[in-house]
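There are two complexes below, and they share chain A, which is joined by chain B in the first and by chain C in the second.
Moving on to the complex of A and B:
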């Protein structure tokens, strides 16, 4: 059977299988030393072993707690500030240069500061996560508020809708898709920074375990933990996309993904 | 808007914030927060001298080489995978998985596989930052205007000309979105790879300052990284504006109609 007759999911499964077989073969054939790249079967065995260890789930819980808290703080702060700044032309113009200056500062530059201020506490992770994901949400909310249709807004005014009612019925529906896009971007960034803080600073979580296995020479375990972080990433992406579809059923057909 | 008003809008808040910082640290001796003037002096003393050549330049070179290769490889493989349907289906789940791995975990992995050297840092940047460019290129190539695509086919335009005049321009808005995301990941990875195993570079230096409790020096390093991030964002935005002029024009026309 030629490749063309297979359908998408079957080919995708074949792709995963091909990847695993290649991974298994490279160390087995001695192309790369087994000490640095353990075969896939060994790593998978370690991974399934982890699933029955409470310590592993403890690390996952640490990472996910920092992720959830950091993301929640960023979303709330950025939505409030975004709606506030966005609804005033003066504030929008006055804050623009400051936002454009602060936004590109890489969150990892704050690592030494976090270590000094909070040491190994969860606040260190939160500082990095919030700084990185706050801007993602804020910028999206700002463009969302700026995108409000002036005709719709004026119509609402003519019908005597008050400020709160206009926010509820005009600004909010326009901003929501942008907010969701911001949350989708921020949720990926937040995971990166949660793991980074654990890896580099040593706050408890999966990243810290990866650093420990690496320095302890437990290579197969390290690979297993990296696979675990990837699976968490896939899970987060999937859940966020589902929520996005759910919330924006009325809207997805209108807005393409290209603008993100 | 009149010119002076614009300047006021641009400078107002930053000046206000710096003034606030200056006033608040005037009499205080908070160990963690240096005074503005002190920071400026330290910045000049630390980064204008030898460190500029031994730490700043190597870091930036690694970043630029890594980012250049990232974009090149991402676009080449993206065009390839995006134009062959079975290849796309075959690789899609694996690519989704690779993209979801937080890139910093690749640092300890590649330290093992490659060792601690410049190549490791560049490979870390490529292997962590390539996914946004790659996946956005695939999406962009796949979503090329079907009418244009059919027109090219009718005139039997194929190969390089098709690539140059249809596929790459059509996918360029998506590619640039990917490049922007990849750039910020590359900067993160440059810093982390230097924090982990290195004896030079920006990441190494600011951690060194922090461990020595040299607080103003540490802040000056943070400022350097901030300025680097700002410069990258300004450069990529101006390239994007130039490359995608036709696209924003097209969008305006579509919005107006």
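Moving on to the complex of A and C:
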């Protein structure tokens, strides 16, 4: 059987297996001290142990709550503002330099502000998550609105469609694929910032647990939690991909992908 | 550029001030038969065992307090948490509070937290087993890691190097967190590391050598950390402060008398295991601050440039 005939999932599983074997070998061969990087088998045992602890699921719930809320706020705010700004030349020009100034500010630079305003509450996480993911969505929506076919827009105008109707029937379908891309980017960024906030500020969640295991010298447990955050990332990406396929069944990018 | 920086600083201080006043509004005492809620920010280490133990033993509810112990991992949230009013009290080391006071924040201790255990202690400067460094004086000109610069670690280490006849000005301090310090020493990223339990114990078990127990070498009566509050809380709510002091002091005495219970309670709020704790040196827990040692610490911090002026211990300590 040649490599060509291996299907996607099998190849993926082989990749993971190779990764785990390498991970197991590195500390076992003494390339890295086992006390700092425990072998994969030990970490995975701790990981499966966690799956039976209610405390672990409580942390996951905290992280996912912050993620969901933060992402939802960013998507709604960025979509509304994006459509508003994008459909007005005046607003586009007026906000461009401000957006270009605010966008590159790393969200983590706002940690001192978040701590001062909200302390260890979930709002601190939300501030960081929303700040980071808002721009991802907003920029995509703005590009989407800019991508509207002028002929289609003029046709709609000449048929007497009002502003709201044009947004609904012309701008929205063009923007949707961009928005979905923005959401996919933002969902990954939101998870990163959720974990960062918990790790650095200490808001409740998986990140805080990682910090606790680190400060307690429980190295294998720490890596087990890191594995958990990675799996959540994979899960989030899978879900967003599914949503993308469902929402954009009509779009060429998805149709093209489906036929191959 | 400078102008932008100034505007930024001004904006930040306005926000900080508004946070202060907003915090002050929300700390109105609840006067009723129900327990008074009180939130204390602590780092999850052995040093804070008494407050967890006291909560479990009911010392706080006996004083009419409904205590919430809020874990702050990085320590980044302790001072802002108290300043903004999220916590009524927080756990912090003496130099941190001295620095905060030096910068104009009115933070004052209401209770002691933990003190040096003597020799052996729960914190030490370690080197690799085969290091040429044999004494504190040998640290002169070397690279030494501490968890935070301009804090209690480098201040006490500079002093013990001077006391040992070395020149402390050439020591290069770098920031390495306690969990990573052992690896940093082992991989020769630093010549020596300041490290606390439980990492001290594991480092020594794996061949590291203790150069000095820097807290007890600095002063055998050194208090390391305690529970502090905002000046506003102390003047506006003396009743709450008295209740907290009573319960906290009872907790300190109980913890000092019952080391086995300390070791047990630590496993409930940290990820340390009972095995790690059996041989661990515990800090001393006592009620009264040692003013002489604190004065010495403040003077050292001034001499090494961490503070601009000697702290007013009459105000800072209870």
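To be clear about the criterion, the second predicted complex is superposed on the first by the 242 of 260 C-alpha atoms of A that agree within 3 Å, B and C clash if a C-alpha of one lies under 4 Å from a C-alpha of the other, contacts with A are read in each partner's own complex, and residues count from 1 in each chain.
Just so it is clear, a residue touches a chain if its C-beta (ideal position, glycine included) is under 8 Å from a C-beta of that chain, and two chains touch if they have at least 3 such contacts.
The structure displayed is predicted, hence computed values, not measured ones.
Of the two partner chains, neither chain B nor chain C is touched by A:170. Applying the stated contact rule after C-alpha superposition, one finds that A:36 touches each of chain B and chain C. In the superposition on chain A, A:223 makes contact with chain B only, while chain C stays out of contact range.
Contact with chain B, but none with chain C, is seen for A:108 once the two complexes are overlaid on the shared chain.
Within the superposed three-chain model, A:214 lies in touch with chain B and with chain C [touch as defined at top]. In the superposition on chain A, A:98 makes contact with chain B only, while chain C stays out of contact range. Annotation for chain A, partner touching more residues between chain B and chain C: B. After overlaying the two complexes on the shared chain, residue contacts for A:14 are found with chain B alone; chain C is out of touch.
Shared-chain residue A:195: touches chain B; no touch with chain C. By the document's definition of touching, neither partner reaches A:75: not chain B, not chain C.
The residues of chain A shared by its contacts with chain B and with chain C are 36, 111-113, 115-117, 199-200, 211, 214. By the touch criterion stated above, chain A contacts chain B in their complex at residues 3-4, 6-9, 11-16, 18-19, 32, 36-37, 93-98, 100-101, 103-113, 115-117, 188, 191-192, 194-196, 199-200, 207, 210-211, 214, 219, 222-223, 225-226, 229-234, 236-237, 257-258, 260.
On the chain B side of its complex with chain A, the touching residues are 9-14, 17, 32, 86, 89-94, 96-109, 111-113, 139, 143, 173-174, 177, 184-185, 187-188, 191-192, 195-196, 203, 206-207, 209-210, 215, 218, 221-222, 225-226, 229-230, 232-233. Against chain A, the residues of chain C that register as touching in their complex are 12, 15-16, 19, 41, 43-45, 70-74, 76-77, 80-81, 83-84, 86-87, 177-179, 183, 186, 198-199, 202, 206, 270-273, 276. Residue ranges of chain A in contact with chain C, taken from their complex: 33, 35-36, 111-113, 115-117, 119-121, 199-202, 208, 211-218, 221.
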